[in-house]
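One chain, chain A, appears in both complexes that follow, with chain B as partner in the first and chain C in the second.
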Partner chain A sequence: MKGLKGILENLRPAFEEGGRLARLKPIFQALDHFLFAAAEKTPNPPFGRDPLDVKRYMSLVILALLPSFAAAVYFFGWRVLLMLLVSYAAGGLVEVLFAVIRKEEINEGFLVTGFIFPLILPPGIPLWLVAIGVSFGVLIGKEIFGGTGRNLFNPALVGRVFLAIGYPAALTSTWVQPLAQPWGRLLAPFGLGVPDALTSATPLGLAKSGALTGAFELFVGRTAGSAGETSALAILLGGVFLILVGVASWRTVLAVLASFVGLTAILHGLLPAAVPPVWFHLLSGGLLFGAFFMATDPVSGPVTRAGKWAFGFLIGAAAIFIRSFSGYVEGVMFAILLGNIFAPLIDEIVIRLKSRRYANER
Partner chain B sequence: MNITPVWAIFIGSIFTNNILFASFLGMCSFLVCSNKIDTALGLGSAVVFVMFCTTILNYVLYYYLLVPLKLEFLGFLIFIAVIAAFVQFVEMFVERFSPDLYYALGIFLPLITVNCAILGAALFMVIRKYNFVQSTFYGLGAGLGWALAIVLMAGLREKMGYSNVPTPLRGTGVVMMVAGVIAMAFMGFAGMLNIQ
Partner chain C sequence: MRISGGYRPKIPGRPSGIVEEPPIPRRLIIRLHRDGLKYRPVIHDGQSVEFGEVLAETAVPGATLALPSPAAGKAMLEEEQLVLEQIRPDITPLKTYQPERITRGETVAALARGGVWPLFWSSATRGMPELGEDRKPRVIVLNVVMTEPFRARGKVILRRSWSRIIQGLKFLPRLLEDYGTLEIVLTAVRDPVARMMYSDLAGFAWIHFRPIPLRYPAENPRVLVQALRRSIPGLQKDSTIWVIDVQAAEAVGGCLAEGLPLHQRLIAAGGPGCAHPRHLAVRIGTPVSSFAPESPEIATLCGGLFRGDRVDPARAAVQYNDDAYFFLPEGSARQFLAFLRPGFDRTSYLPCFAGRLTGAADRRLTTFLRGERRPCITCGLCEKVCPARIMPQVLHRYLYRQALAEAERAGLELCVDCNLCTFVCPSKIELQKQFGEARQALLMERAEAERTK
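Up next, the complex of A and B:
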């Protein structure tokens, strides 16, 4: 480590103002921050000391995503790792270009977006679509607003919805069926191309024709689906950890799940033929992954506590309505994006109601 | 004859076939007046009221005057004239009887005359062959949908005050992009209710 530090210190002057490589300072800075702590000191107050800075925040999310990633590799093979590399490369390029041109720091937020993105895609998707989706998501979902912390929408979701609408055929026919062997798909050969073990239906798609997948298969994740969303077990492991360390808001998660379960129960009671039972809807598709990892995004969600409840209720309701009645089989991504759109308005309403109450108390 | 149930037309015109995010009508005032939530709310409610009333008026005029006289080709002219006259009338009425509301709405009332969403609602009513009750609820729903759209955009734009948008995109550019993302999200409702 000492030697590495020495190399970095030797290089530092070249990247400072007036140096030969001053334009590329964001890249150097990111490397420096990633390997060591920040070298720059805050010159003037206010000074804040908090062990949970953006970097730790983001690395905790990545840690929580690891079980889902491991499950994705186990069930769908090493191709998921390739997708992750493409996602990081393409999205990272957009991020670095913006940082260099706008002379800002490279932000760690991208590490989470780039990690989540392959996990919400079908595992057999062509790799160039991964690159297009993540670039669109980072560009339109985040960079045009000035980067992490200033975005209105969850960038990974913007990319995912863009692909779902723009390339519907590729996004609905590239599901991969997991193998039944105890070593999963870990030993299966893989390549850059589209794998040949494709299936055209996820549990939600099969349910439209009346075939329900078993609860155990859904819980463990041995079903076709987006790479990281199939294993409820792995998502719960990471999600509960994320709530315990205080990164994800339990209010949001609970509100999404409660409204989803409640409405599904009602709809199943009214239309048992069209709407599968609660356990099935809860364990299949992207609901759990969305509730734990995407709805809880602190930037694109509401800030107020009451707002978080309303936001969660809205997402759960929209998810089951789109799943049951719209042309799309899965509605969670649209639901969370709609939640992001309503979030500022929800916050505004909550704050106005509160300030009116305080005004009346006086 | 259109057999879509009235509740489907009402809900559908707010969400699944939102006149702004699905048909992109009424963009000009949507872009200009979505800076603040309060302004957006004022313009939105004015649009709801005007769209509701003019759809009814246009329905009556079209089916009880133009159709019997075989003058359907005058539809465009009549619709625009009705909308403009109605807005003028409402403006005078509001100014006389509720000055507070008049000053709150300010420039928005006359602006509504040129809001193409209102003309669009009257034309959709004819193209989709709605009957009287369907037209009434369609006018109300489309107005509410437009109001919802502009208020949502105003909320996002207020939050965007903390953003650092690249200079060339500031103003209309970034708002168009945000509107595109919202439209993508609303596409999730596609196929849920068919109100054609």
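Up next, the complex of A and C:
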């Protein structure tokens, strides 16, 4: 470790102002701060600070995503790992490029976006589409707003929607059917190309024609679907962890699930033929993944605590309405983006309401 | 009483309940500034002074505030401070009073001369109360709870000087409005000290007890006053409330009943950089170097961890309103892959480190920022801890784009300066500094508007 520190210290002057590689300072800084905790001191009171930083915060999100990632590899094969590498490489390039141009530090938020992105794609998607999607998402969804913390929309979802609209055929016919063996697809061969076991039938698609997938299959995730979204079990493992450590807002998750379940129950009661029962809707598609990992994105959600309730209710309701009454079988993606659009408005209302009380207390 | 928000971190170095009484040092240093007021020396250079003699004074509307000498000796005038040398430790009491025979005017004058008056806090001025007759408080709050790591604990002082504190409380009705009450704020714990208070004060109808949770910043006067207004229905919105702490009550008793002007402070010396965290009873003016660790690798904060300011221990001395010195190691070693470690040696506001599982204290607390500066990710932690129920993340957004009027509307001035939001921020944003500057700008803007009217 001492040697490593020595190497970094030797390299540092080249990246400081006036050094030969000063332009690439963000890259050096990211590596330096990744390996060793930052040494900046507190300039103002309080002179001691809480140990939590954004690095830790974001790495806990990635830790919580690991069960879903493991499930994706198990059900859909090692190709998912390739998708992740492509996503990190392409998205990382955009992120680094903008950090260098803006002369700011590289932001950890990208590591979460790049991890989530392959998990919300069909596991049989061509790898070049992964690269295009994540680059678009990071560029248009985040960088043009000024980077992490300033973006309006969830960047992973922006990339996903771009692919869904720009390449509809590739996005609806590249699902992979999991195998029934106990070792899943772990031993299945894979390559850079598109796998051959493709299908166009996800549980939500099949339900439109009246065939409901079994609850057990849906719960463990042995169905066709987006790589990390099929296994409710894995999502709950990571999602509950994320709520326990306080990184994900339980208010948002509860609000999404409550409004979704409530409305689905009502719609199923009114139109049992058109709307499948609650358990099916809850376990299929991207609802749980979206509720735990994407609606809880603090940046693109509402700023205020009270606003999180309204935000969650809106997403849950929009998701079931899109699923039931539109041409799309899956609506969570659009629902969350819709929520992102409304988040600033929700905040404004909450702030106005609170301002009245503040005026009284002054 | 309920208080919203707040946080009580586990910090190593909590001072023990034992009170050490070191001998009086050979030199005492008295600053000629106190609570933003400048005092003018009334003695000449080299004059020998008696215990309790007025060293310096300042005129405020209604009276003259004084700095009484904490010991007998020879006074030397220096720039902005006064040094006492050739100290003699003997104490000769000044005039004493009896609570039944003293008038309000005499009480105020004696407290102002004894250096005790600035220990009072008034909701009307958000600082030292006015000395005139007009604004008598409806309620005086005696606060026993000290939650900031680490300020002198109320219960340690109660145990040590209970009889003097009772003496002091008996004078308070002189200052109160008719039918005014004394509200004693303490934790609900039924320990011997609380029992002693209950039984000794049971006979006084004008004294009430109000339990409060043990969470920083419960001792903040503005937080206490807000909580009190919420829990006493009859209290008018504009009725004046005063807040004092236990040391102030003790000082009142000492000053009026025993003729001893403010000459001693009980201070907590603690924190992770302190080898023997303890309480100390020291003469005012005692140099901090006499009890501070000698290492240059340790920062000295005057006040607790949250609000304390860095001081140079070689030059600082205990002043009339100090009650805490926090010793914080300077950060030095950069930890390898720090964010990937389970973190059994640290705890944070969110249960994000393994230290939460074992109940460990935050042993890695140093002067490091402990993270990189990032844009706000609106995680909402600041809103959760805020005791004033405002939304620091929203204020930050407004102030980031210089929208001062919006920030004012969103409750900027309700900030009680507890610094908790800055402490918990994972993006390491200097919220406190930003809010302080914005409030300054707001005041200047108002003064400008006043002038042009």
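The working rule: the second predicted complex is superposed on the first by the 346 of 362 C-alpha atoms of A that agree within 3 Å, B and C clash if a C-alpha of one lies under 4 Å from a C-alpha of the other, contacts with A are read in each partner's own complex, and residues count from 1 in each chain.
Throughout what follows, contacts are C-beta pairs under 8 Å (C-beta built on N, C-alpha and C of every residue); 3 or more make two chains touch, one makes a residue touch a chain.
As the structure is a prediction and not an experimental result, all values here were calculated from the model.
Set against each other, chain B and chain C touch different numbers of residues in chain A, with C touching more. Look at A:245: by the touch rule set out above, it reaches chain C but stays clear of chain B. In the superposition on chain A, A:326 makes contact with chain B only, while chain C stays out of contact range.
Looking at the shared chain after the overlay, A:141 reaches chain B, while chain C stays out of its contact range.
By the touch criterion stated above, A:299 is placed in contact with chain C alone, chain B being left untouched.
Shared-chain residue A:337: touches chain B; no touch with chain C. Contacts of A:162 after superposition on the shared chain: chain B is touched, whereas chain C is not. In the superposed model, A:60 makes contact with chain C only, not with chain B. In the superposed model, A:153 lies in contact with chain B only, and not with chain C. When the two complexes are superposed on chain A, the residues of chain A that touch both chain B and chain C are 146-147, 150. Chain contact summary for the complex, chain A toward chain B: residues 102, 140-141, 144-147, 150-153, 158, 161-162, 165, 318, 321-322, 325-328, 331, 333-335, 337-338, 340-345, 348. Chain contact summary for the complex, chain B toward chain A: residues 37, 151-152, 155-156, 158-160, 162-166, 169, 174, 177-178, 180-182, 184-193. The residues of chain A lying in touch with chain C in their complex are 1, 4-5, 33-57, 59-60, 105, 107-109, 146-150, 244-247, 249, 298-299, 301, 303-305, 347, 351, 354-355, 357-359, 361-362.
Interface residues of chain C, counted against chain A in their complex, comprise 9, 11, 226, 299, 301, 305-310, 328, 330-331, 334-340, 343, 346-353, 362, 364-380, 383-384, 389-391, 393-394, 397, 409-411, 413-414, 419, 422-428, 430, 432-433.
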